[in-house]
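Think of it as A, B, C, D and E in the order they're written, each chain with its own count starting at 1.
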Amino acid sequence: MPNATTIALIPLLPLAGFLLLGLFGRKYLKSSSGLIGTALLLTSTILALYTAYEYFFVYGKVNGAYQQFIPLQLTWLEFSKGVSIDMGLLLDPISVMMLVVVSFISLMVHIYSLGYMKGEERFATYYSFLGLFTFSMLGLVLASNIFQIYIFWELVGVSSFLLIGYYYDKPSAVAASKKAFIVTRFADLGFLIGILILSFSSGTLDFTTLIQRLTSPESNEVKTAVVSTFLGASALTWGAALVFIGGAGKSAMFPLHIWLPDAMEGPTPVSALIHAATMVVAGVYLVARLFPVFALTTPAVLEIIGWVGAISAIIAAVIACTQTDIKRILAYSTMSQIGYMMFALGVSKYGGEAGLGYTASMFHLFTHAMFKALLFLGAGAVIHYIHSNDMRDMGGLRKYLPITHITFLIACLAIAGVPPFAGFFSKEEILLAAYQNNMAIYWIALITSGLTAFYMFRLYFTIFWNKPHEVHGEKHGEGGFAMMLPLVLLAVGAAAAGFIPFGEFVSSDGKALVSHFHLEFSIAPVGLGLAGIFAALWLYKKQNDKPQKLAAALGGLYKAAYHKFYIDEIYLFITKKVLFNLIGRPAAWFDRNIVDGMVNLTGNTTQAVSEGIKKIQSGKVQQYAIYFLAGVIVLATLFIYVLR
Amino acid sequence: MITGSTILFYLLAALTLGCGILSVATRHIFRAAIYLLFSLIGIAGLYFWLQYEFIAAVQIVVYVGGIVVLIIFSIFLTQQAGEKLPKQKSDRKIFAALAVFCGFALTMLQVYQHEFNGAETTKAPTVADIGKKMLSVDNGGYALPFEIISMLLLAAMVGCIVIALRSKPETK
Amino acid sequence: MNEFLTLMKSELVVTAIIFLLLFIKIGKGMKNDSLLSLVQVLLLVNFIAGFFFNSTGNLFGDMFYTNPLITFQKNILSLGVYLISLLCADWLKKTQHLAEFFMLMLSALLGMFLMISSNNLLIFYLALELATIPVAAMANFDLDKKRSSEGAMKMILSSAFSSGILLFGISLLYGTTGTISFAEIAAQLDGSSVQILAFVFLFTAFAFKLSIVPFHLWTADVYEGSPIAVTSFLSVISKGSVAFIFITVLYKVFQPIQDVWYTMLVILAVATMVIGNLFALRQQNIKRFLAFSSIAQVGFILVGISSNDYMGITAVVYFVLIYVFSNLAAFGVASVISEHSGKENIDEYKGLYKTNPFLSWILALALFSLAGIPPTAGFFGKLFLLTAGGAKAAYWFIAVAALNMIISLYYYLRVVRAMFMDKNENPVEKIKISPSVKLALLICGAGIVLIGLLSWVYDHIHSLSFKL
Amino acid sequence: MNLLLLIGAPLLTAVAVLLSRNKAQVKWISLVGSVAQLALAFALLYAFRQERAQNNMSQMLFELNYKLFDSLNINFHFGVDGISVAMILLTSFVVIAGVLVSWNIEKMTKEFYFLLILLALGAYGFFISLDLFILFFFLEISVIPKYLLIGIWGSGKKEYSANKLALMLMGGSALILVGMLGLYFTAGHSFDIMTLSKTSIPANIQNLLFPLLFVGFGVFTALFPLHTWVPDGHSSAPTAGSMFLAGISMKLGGYGCLRIATYLLPEGAKEYANIIIVLSAIAILYGAFATMMQKDLKYINAYSSVSHVGFSLLGIGMLTQTAITGALMQMVSHGLMTALFFAVIGMIYDRTHTRMTNEMGGLMKVMPFITTVFFIVGLCSLGLPGLSGFVAEMTVFMGSWENSDAFHRVATIAAAMSIVVTAVYILRAIGQTAMGPITNTSHLQLKDAAWNEKLAAIILVAGIIAIGIAPGWLNDLLRPAAEEIMNRIAGK
Amino acid sequence: MIEPGLYHILFISAALFFIGIYGFLTRRNLITMLMSIELILNSVNLNFIAFNKYVWPDKMDGLFFTLFIIAIAAAEAAVAIAIIINLYRSHQSIDVENAEDLKY
């Protein structure tokens, strides 16, 4: 049986770190705060691994299926009978898996940052923020209540805001952090309303009950909810769709992805942690968490999810081919990979063989966490060395950064889906699932995988090969042990993670899913991947003008892709023109002039009247007498003739 | 049928109203005073006609002997001899006339509509029982008003002295 | 003890003081200061005397009537006079005719006493005149100021005019009812149109004295023209007394045609509040300002009167009591300032708080009380007036009254702002306040703060008026 | 526990302040006084919970009833339920913070603190009185101190603002007055809330009186479109003044809207509920959008107050138990939050001598503490979980969603949209002031918060977090009281 | 109805009353205004006497009222004249139009 305290400690230790470092780090702990934070996280990672072991190999499996456990559930805020926000710990395959991923990657980043962020002015603050993020993310993962997940959802949002804006005196960083927060916030609005709808129609906020009520078609909740429709779609459909919007926002799905590239303004380790491995997959996790509802009650929404995922995947891939900022390239690739996970869920069914997409998605999430974190950390090492994000400043670094080079290569191979690296296995499963359910998406996915391979190796070659690197000034060597250790560990993960029999552990219905491997099927993707690699090799191995030519040849498409298909501009137009000029300004004006004007008007009118009637008081006693007499006569006539 | 008393009445009425009108109309202030005097006399005459000799006497004594004289003195004090009074603005006059006319019409309408229950016994009171009443404190007696009047006259006297006999600042 | 003495004690005491002063004057006279202190003592005695031997009864047939409530009202008036004698000490010491001044004021007071307890139109009329003519003379007491005599002239003429109309009304009333005693008139009233006419004529006399719109026009000019002592006397004492007798006349005599006067009161109350406020809005001279504000206050009194029952009586008496304190405090401060610096304009009050915090606080208190802001007593006074008036559930009527409270608050705040907030390079210099004035101001302040919270005052009045 | 203590403590403090000789005395006396009030508030909370724990379920606890105007049946009738307790806690928090932040006031210190304490007195009295008349009395007490605080110690066009505030509030109380008298007469000459809540008032009268009372109190709590005193008043007032104004006085209004208008006139409430909802929804969105355009920090907070207070009115209008609970939570939360916000603005202003966001930048470098607090309050205002704002707003939403018809749904969604707009303007404000490069180099010499400021901020932050982390206790306090109200509305 | 009676006298008195009022409203000289007042009061007296004679002869209220009114009139006139004279002293005119410093 799960032990509540052990599991509770996993998120609480980082929280402790946050408080400790946040309150005292700046003044007292100073540079030691990094070690403290890391130590705390190490503990909780160990606990997480222990929990995972316990769950998967000791008590988790009951008669052939992994069960849900809720070792702890506290009522946090009760709205009415049965409807309450609970703080709970929910253990099931995906949560445990995420637990491991999050804590592990976070630990890596902690260690890495010891080197990368050394000497930063707000070192302690940095680590306290990391703690906050890790806490929130773990809480999100473990949430047993849809409102709990929303709470931690917001918390990860804010910690990401804080970390993106870590270099707060860089205007671009500030802007990026604001953008990230507001865009996700906008998506969260959908999430919130979705929660309201779902909870109202199911009469609960608790995941288990909610899913169980909404998935049984004969339950009266579903009946009533299905009856009440809005714009032709049932309440449940709306609810599910809105919830997905929340997820899409966090996971930077098209068209809510615009914040992710800018988010790269944050320190690179942060990007690795938040914007590659963990937070951005929260959306996927959310969909997975509510998968039964999507799959059984609102398949339409699942369809949408599939398409959104696919589109995001390919668009991001295309854009990634044209960018020059290495972190942005990685960001787009992240987006594209998450697109994979999304449509994997989208094409999946509930239970049994048909649930392959689900497993695949989770699997890809797992592997992607490894190699993408690795990529970012590697890129971080490069940037650390070059002091620039722009790959045009780079080239021929393989001699100067050997370890980074190797690990980076591994990661690239992994993401390109070259066997036997991790990416290969998960991607294969995804493609298979798509193949089985939705041909169109399958083709998109296939093309995307090719593009992926291409732009990754474009990156790889331009950084490490291409033009020779000329050393100006004395260069400190590759970052120290603290930075190399995570690279190595992650490289191992990226290389080996594929061999985990994932289906054994994670599947839509908890029962084991044997993923059998078809060689003939995997020819196409691998082939495309290799093609992409060779294309990159041909274009970027040596310094030459082929790329420019190619770009010129592609013309408009290239330009559009280079400008990210002008989506940012559209957003800018909407916010600046519509929100500010068409709503905000008029509102402010209306308030100052109309509403306030009314108030002042009354005052001035009174004044004016009083000025106007002052002549009555003319100072002439006979005038007074006339008024007097008139008063008498009027009153008399009034009361003799009129009012009786 | 027209008796002497009737004629007398109308004469007195004519005198009163006529002189009244003249006294508010003329622009010679002395004449105004004199017209006022005659108008008051006319009223006194009406009292006589009504057989309220005592009131008539008082009227003559107080008004003719007192107030009008006072007024005339004050005219002497304040008026540069013989010049006419300044004309009033005509709009003021019009409004006043209008108001007055309305008031008069209104009053008369009400008064004539109302049926005053005329009593037959029209005996006039004698000076003696007026005197008795005046100083009796029991029901229907007028001692209290008498006292009040005395206080009032005292106050008025003091007031007049203070105001009219204004002493130069340095004295006292 | 002799009934005559007990029933008429207030009047007798006042008369005694008047004659004492007369003899002093005729005799070798006294120095102003000592005379003033003597008078103050006498007035205090008069005030205290009011609390003993209260009983109910008629005198002189039924011409004179008194009861504990009436005695209480008289006490309020004498209290007011006493406070005035303290507050305006500075001005009084300067005047050359101190004895005469007090003789006049006291005879006016006597007139008011008689008016309050008059039970008969004749007495009422005479008392009214006794309460008016001397005041007119007093209004002229700044002998060498033109404005003073102009004010006096305006007062005497218009009051003569109004009393002429009053008399005509009385005569008509007498013609239709054949009597001049309140009780019998009430029995005789049949609401015939002549009687309505007569009532309107009669009504205007009260309206004139209470300065109800449109019979109010003399008020401001006279208040501004006359010395502050007189102004405060006019605005507080005579208003109060007329309000009292007004209630008696309406409730006692004209009860049969109450629906007529109820409507009349409502109309005039609204008119009075609105016009008074609108005029007060723009005033610069503090006396004139207070004149118009007091007109607006009268509007509220009418609201209270309009409820035709003992609640109304209680509310009005209570309000007048509070009004005495508030208005006298305001006038007191005004008189102190104008005596020492000759400044009577609100703009010249700017920055007063810097130099004279005490005066500023008292004035502010008084104004808040007039505006009906808690915790000052004015709040309770106004509220109870409205409560009484609301008994007929004429919500719009109360609403208008309440809205007028806003306007009034605006201009009261103007003064407060001038004193506390506005900058001024040459404010009123520090004023050395003589002890008697300080005492009086403190009394007023205490009254303003306490009378509201000491609910037994209200309950006492209530018990008195409830007995009627 | 004797409720008179709650009035007595501030009263004594005020008197002591008046009698004190020098500025130091004044300050320390008022500090001690406000600490005492805080202690009393906590004692009250404790006692209240004890009573409830020994399930003493009578609606009002610690009732006192002294005769005041016997003949008019006006009594000093005091008593508290959960709502009052919560409000009193809020008040005591804001008071102590207000006293602390105005520590360095130089001009007429004595008067300043006297008026401040007087305001507090009014609030305490208001929250514990169960007699309409007394309640109105305490409500009115606070008008003049506000006027003077703004007019004397304020900044900008202070006279104008002070006048506007005083007059508009007076207008509100005029309406209240009429409604109050209406109640008094229809309910057979009684001002007693408990009695009134038992009497059934004919529907037509309710429909007549409800608007009077609701709008009357609504003016105090910035009911759209009668909110215009808020921006000017807040922006002109001194720091503590704004804190009290937004933190306490606006809550008087909300409390009145609920406890008097809605509770005593349920039929009227049902009649006008939709109008209230529309108005408050407008206020929420419109306030938020108007805020987006502001440059002056105080205006930003003032307008956002309009928007936030809209939530509590919305909750009341929704007429469900949860929504009303949420409304009350929002009052408490917003009280603490906005007080803190104004405190921070004041601190910034004292240093930079500007409140224009575009004239600052990068303050985080020079005053980390203040900016941290600024972050916290900002995040609270945009409804970050773990801070009070989130709890309140979510409760309102959940409650609003319980009415399942389209109208309420739309209104709720409209209101919910504001959380995005809020995020926009809060982040703009923070971004421009705290983050970014330091634009004005003279800011480099500025000092961080002094002890009193730190203390004040910490107290309020503690309150915010206490609600945000563990809303249960507040919920337990408010929900039963809301239930009583709902029972009357439901006609049980 | 030639025969003079109550109503005739009432007519006379009312007429006189309003004549007086007219005078009061239009005369610019203070003393003449005072005279108009006297006319008003006399008309009232006439009313009282008439009523007393024709309607309520058995009591003498009207008569006494008249007496006291006459007395009052005297007092009032005295004070009024005193004030007027004082006003005349302070600015050599008794034109009511000139006495309007106090206004608005």
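The working rule: a residue touches a chain if its C-beta (ideal position, glycine included) is under 8 Å from a C-beta of that chain, and two chains touch if they have at least 3 such contacts.
Quantities reported herein were computed from a predicted structural model and do not represent experimental measurements.
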Touching both chain A and chain D (chains): C
Other chains in touch with both chain D and chain E: A, C
Identity of the most central chain, Cα criterion: D
Which two chains share the largest set of C-beta contact pairs: B-E
Length of the line joining the C-alpha centres of chain A and chain E, rounded to whole Å: 98
Centroid distance [mean C-alpha coordinates] between chain C and chain A, Å: 78
Geometric centre distance via CA averages, chain C-chain B, whole Å: 31
Whole-Å gap between the CA centroids of chain B and chain D: 71
Shared-contact residues (touching 2 or more other chains) in chain B: 92, 95-96, 99-100, 103, 106-107, 110-111, 116, 140, 142, 145, 149, 152, 156, 159-160, 163, 166
In chain E, residues with contacts to at least two other chains: 17, 20-21, 24-26, 33-34, 50-51, 55-56, 59, 64, 68, 72, 75-76, 79, 82-84, 86, 97, 99-104
Shared interface positions of chain D, touching two or more other chains: 167
Pairs of chains satisfying the touch condition: A-B, A-C, A-D, A-E, B-C, B-E, C-D, C-E
Sites on chain C touched by chain E in the complex: 122, 125-126, 129, 133, 136-137, 140, 143-147, 149-154, 156-157, 160-161, 163-164, 167-168, 170-172, 174-175, 178-180, 220-222, 224-225, 282
Of all residues in chain B, those that touch chain A in their complex: 92, 95-96, 99-100, 102-103, 106, 110
Chain B-facing residues of chain C, complex: 15, 18, 22, 59-64, 96-97, 100, 103-104, 107-108, 110-111, 114, 122-123, 126-127, 129-130, 133-134, 136-138, 140-141, 143-144, 152, 172, 175-176, 192-194, 196-197
Complex contact set, residues of chain E against chain A: 21, 24-26, 33, 96-97, 99-104
Contacting residues of chain C [partner chain D, same complex]: 314, 368, 373-375, 379, 383-384, 386-387, 390-391, 393, 395, 398-399, 402-403, 405-406, 409-410, 413, 416-417, 420-422, 455, 458-459, 462-463, 466
